[in-house]
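Labels run A, B and C following the written order; every chain starts at residue 1.
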Amino acid sequence: MSESFKKTYPFNIISIKDLGRKEIESILDDASRIADGLYPDNALNGKILALLFFEPSTRTRMSFEAAMARLGGRSINLDSIEASSLAKGETLADTIRVVSGYADIIVLRHPSEGAARLASEFARVPVINAGDGAGQHPSQTLLDLYTIKQAMPIDKIDIGLLGDLRYGRTAHSLAYALSLFNARIHTLSPRGLELPDSILNELEENGTEVIPHEEINEVIPLLDVLYVTRLQRERFPDSASYVNIAKNFRITPEILESAKDHLILLHPLPRVDEIDPQVDELPCAKYFEQSKNGVPVRMAMLMEMFR
Amino acid sequence: MSESFKKTYPFNIISIKDLGRKEIESILDDASRIADGLYPDNALNGKILALLFFEPSTRTRMSFEAAMARLGGRSINLDSIEASSLAKGETLADTIRVVSGYADIIVLRHPSEGAARLASEFARVPVINAGDGAGQHPSQTLLDLYTIKQAMPIDKIDIGLLGDLRYGRTAHSLAYALSLFNARIHTLSPRGLELPDSILNELEENGTEVIPHEEINEVIPLLDVLYVTRLQRERFPDSASYVNIAKNFRITPEILESAKDHLILLHPLPRVDEIDPQVDELPCAKYFEQSKNGVPVRMAMLMEMFR
Amino acid sequence: MSESFKKTYPFNIISIKDLGRKEIESILDDASRIADGLYPDNALNGKILALLFFEPSTRTRMSFEAAMARLGGRSINLDSIEASSLAKGETLADTIRVVSGYADIIVLRHPSEGAARLASEFARVPVINAGDGAGQHPSQTLLDLYTIKQAMPIDKIDIGLLGDLRYGRTAHSLAYALSLFNARIHTLSPRGLELPDSILNELEENGTEVIPHEEINEVIPLLDVLYVTRLQRERFPDSASYVNIAKNFRITPEILESAKDHLILLHPLPRVDEIDPQVDELPCAKYFEQSKNGVPVRMAMLMEMFR
């Protein structure tokens, strides 16, 4: 890792926007070496990670904990009930100051947008945002990028974002990050769940082409990467309209027949009905690999924070 | 451990029936050496165990976690609330595939019979069944056998199974395992809670003699081992009938007066009223020792899985 | 540490009263060396701490877990739901005997006064009381003393105890401990929440002067240490009377203007309205430092228990 990187690197990772393209590439390269086993397994010996999850996000929590363990470090956790009683008992600022006294780094998941930024102002140790409401979740974006990079150069890809693009935080952050890599973005979402204007404007400022589509069959053949997000039943007026719409957004082996050979299919998980289990066996299905990549990517982030 | 063992050993431990007598004896021998301190305390250094407990079983979970720690490994846990939200959010198959990406081995506790077998089909890492509904719980059976072996040769013992033998999963598995060791099995249970025919047939096929009894005083003098299981209040029509019947199944110092000198008394715990606390001080009371034996037995299992 | 200390040291730490002045000073000295980094980070390698928290006390739990991790040891935890199901399922005595088989030391938090003493009678490993109802919480008292000692010699200080002194367990234990160090104790509390007679008698027997005050402005200038405790809304007949009274007990920068230069301000946390956040920036505000001191103090306790 270059000296210039070390100097510009932020002490906290709150948003993917805190990182430039160069920083992102550096973390992905590190993750790649880690995935090949090229890391010291006692690098974080004696270090303590506090996982403060004020809403459940079991995959993120477990994979940060696994990442810390692989590097020889320890994690201390709140359980779900403790988290809710802590949140009732004192301000987030006080909790963060107290936990700063116990741990060397804090990973925070919180239901309120902006919570991680606030926490980083009160913390005396580095903070990683593991999702704050409709806000950011940078480690998810990094593992999404890493999974793309495993399959192809990230530059100038055609990516399809499918599903709930209004509330789907992971799609927003990924779209932003890909705008640094000159991607062309294709979108397909139910009416009312389109990409918000604020995101569109931001992508446009970065010079990124965003092409909305109406038909799944029209978009599939154009793509290098298809990123599917969860359609949440509670976003629809009733169960019937959910079922009616969801069936048009379901990925099946048939729908994928028109895809390019090298297409990869990603999903931040958990999935409900968005991807037919028969797709799991196809070579393009990379969502479980993507989830697994959370460990080396988070290991790379943790090593960077303790550098 | 012999070469032949290594070849036949299953990658998963789902049921005690996956193990032959030879395999069982090998694990018990390993556990015995471990209990004597003859094991490398960094054997599982860098390894990660995922404890997926979809119903509470605190003793089993804590003793697996202690076993992993004694060998230098790490554990990652779901908390109870996370487990229930995970179970609502996706299929067990998906959860198992995701967690396979984080951990080197999975210990699963699940309310549905057959869940562990299903999990082993989707996992990319070894799975140990830590209880699946009315199904199997092989580590419990191994620690029961280990505790017997500490006191006497397992072969050809007279064992009494007392209490709820219909729903008592631990009694079923132990009876099966002892049938490999030519035991004679004495049963005593409330009407309606007898050993099921399916289990009786299986024992008969293995050539095991099963002798039902009506009176506790009649059976005690015959036994080398008395295995008491919990009578659950909810199996009885009302509280009065529970109290009425439970008092006939309660082990007291008086009842044990007619026992052989070398009788040992086991219970999978927790106990409620089945054993008078005054019995705790008698030399035959081995149930806390039995619970403690969970650690070396599970250490032996974990070492075997990583061999 | 002197030989005489080693001989008199109790195997369990249930109450601060189990420790004499000499023992307390020895732990504080150890903690001080630990805080300077003078400890072997693998001192408790291979050791297992069981954290049995039957009521939430997240700070205490996390800082014991951090202390164990800093020394190379491992912790096994109950989650909140497991704890309540365990408590329903069996007696505390049985739980303690079982967990004694899994761990090398037990830290117990329990809602019932006397629970820790009972636990220590059934445990086969050392027990540390981490709070039992209205009873004791010795590690809190030790970290309070440690924080005082960082700022000044503990001997003969004038300390003010402010707030709910009737139910405030930490204030009771601290007052007792300071009576060993010839402190003069000033009290100020809402009517009905005064220091109980039993505590007053105990302090008097130890020759300690206790001076009740009526006005916060009258007491502040006299103090070397001000120890503020939480006023709990539920101790007051209604919300209005809470608000009315609490405002007279709120520490603000203005109120502190008459204080001695070297005054330090402590609070066991969490605080609600007792201390104005503007106070946080003043040099006298030591409550986050105090919370952080929980780690080296608990490390010193754990090392002592395993000595």
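Please note the rule applied: a contact is a pair of C-beta atoms (placed from the backbone, for glycine too) under 8 Å apart; a residue touches a chain by one contact, two chains touch by 3 or more.
These numbers come from a predicted model, not from an experiment.
Counting every residue number used by either copy at the subunit B-subunit C contact, under half are found in both chains. On superposing C-alpha atoms, the copy subunit A sits rotated by 120° relative to subunit C, to the nearest 5. Subunit B and subunit C have centres, each the mean of its CA atoms, that are 41 Å apart. Looking at subunit A, one finds that residues 77, 79-81 touch two or more other chains. Interface of subunit A with subunit C (complex): residues 46, 48, 50, 74, 76-82, 85-86, 89-90, 93-94, 97-103. Subunit A meets subunit B in the complex at residues 41, 56, 58-59, 61-63, 65-66, 69-70, 72, 77, 79-81, 269-272, 277, 288-289, 291-295.
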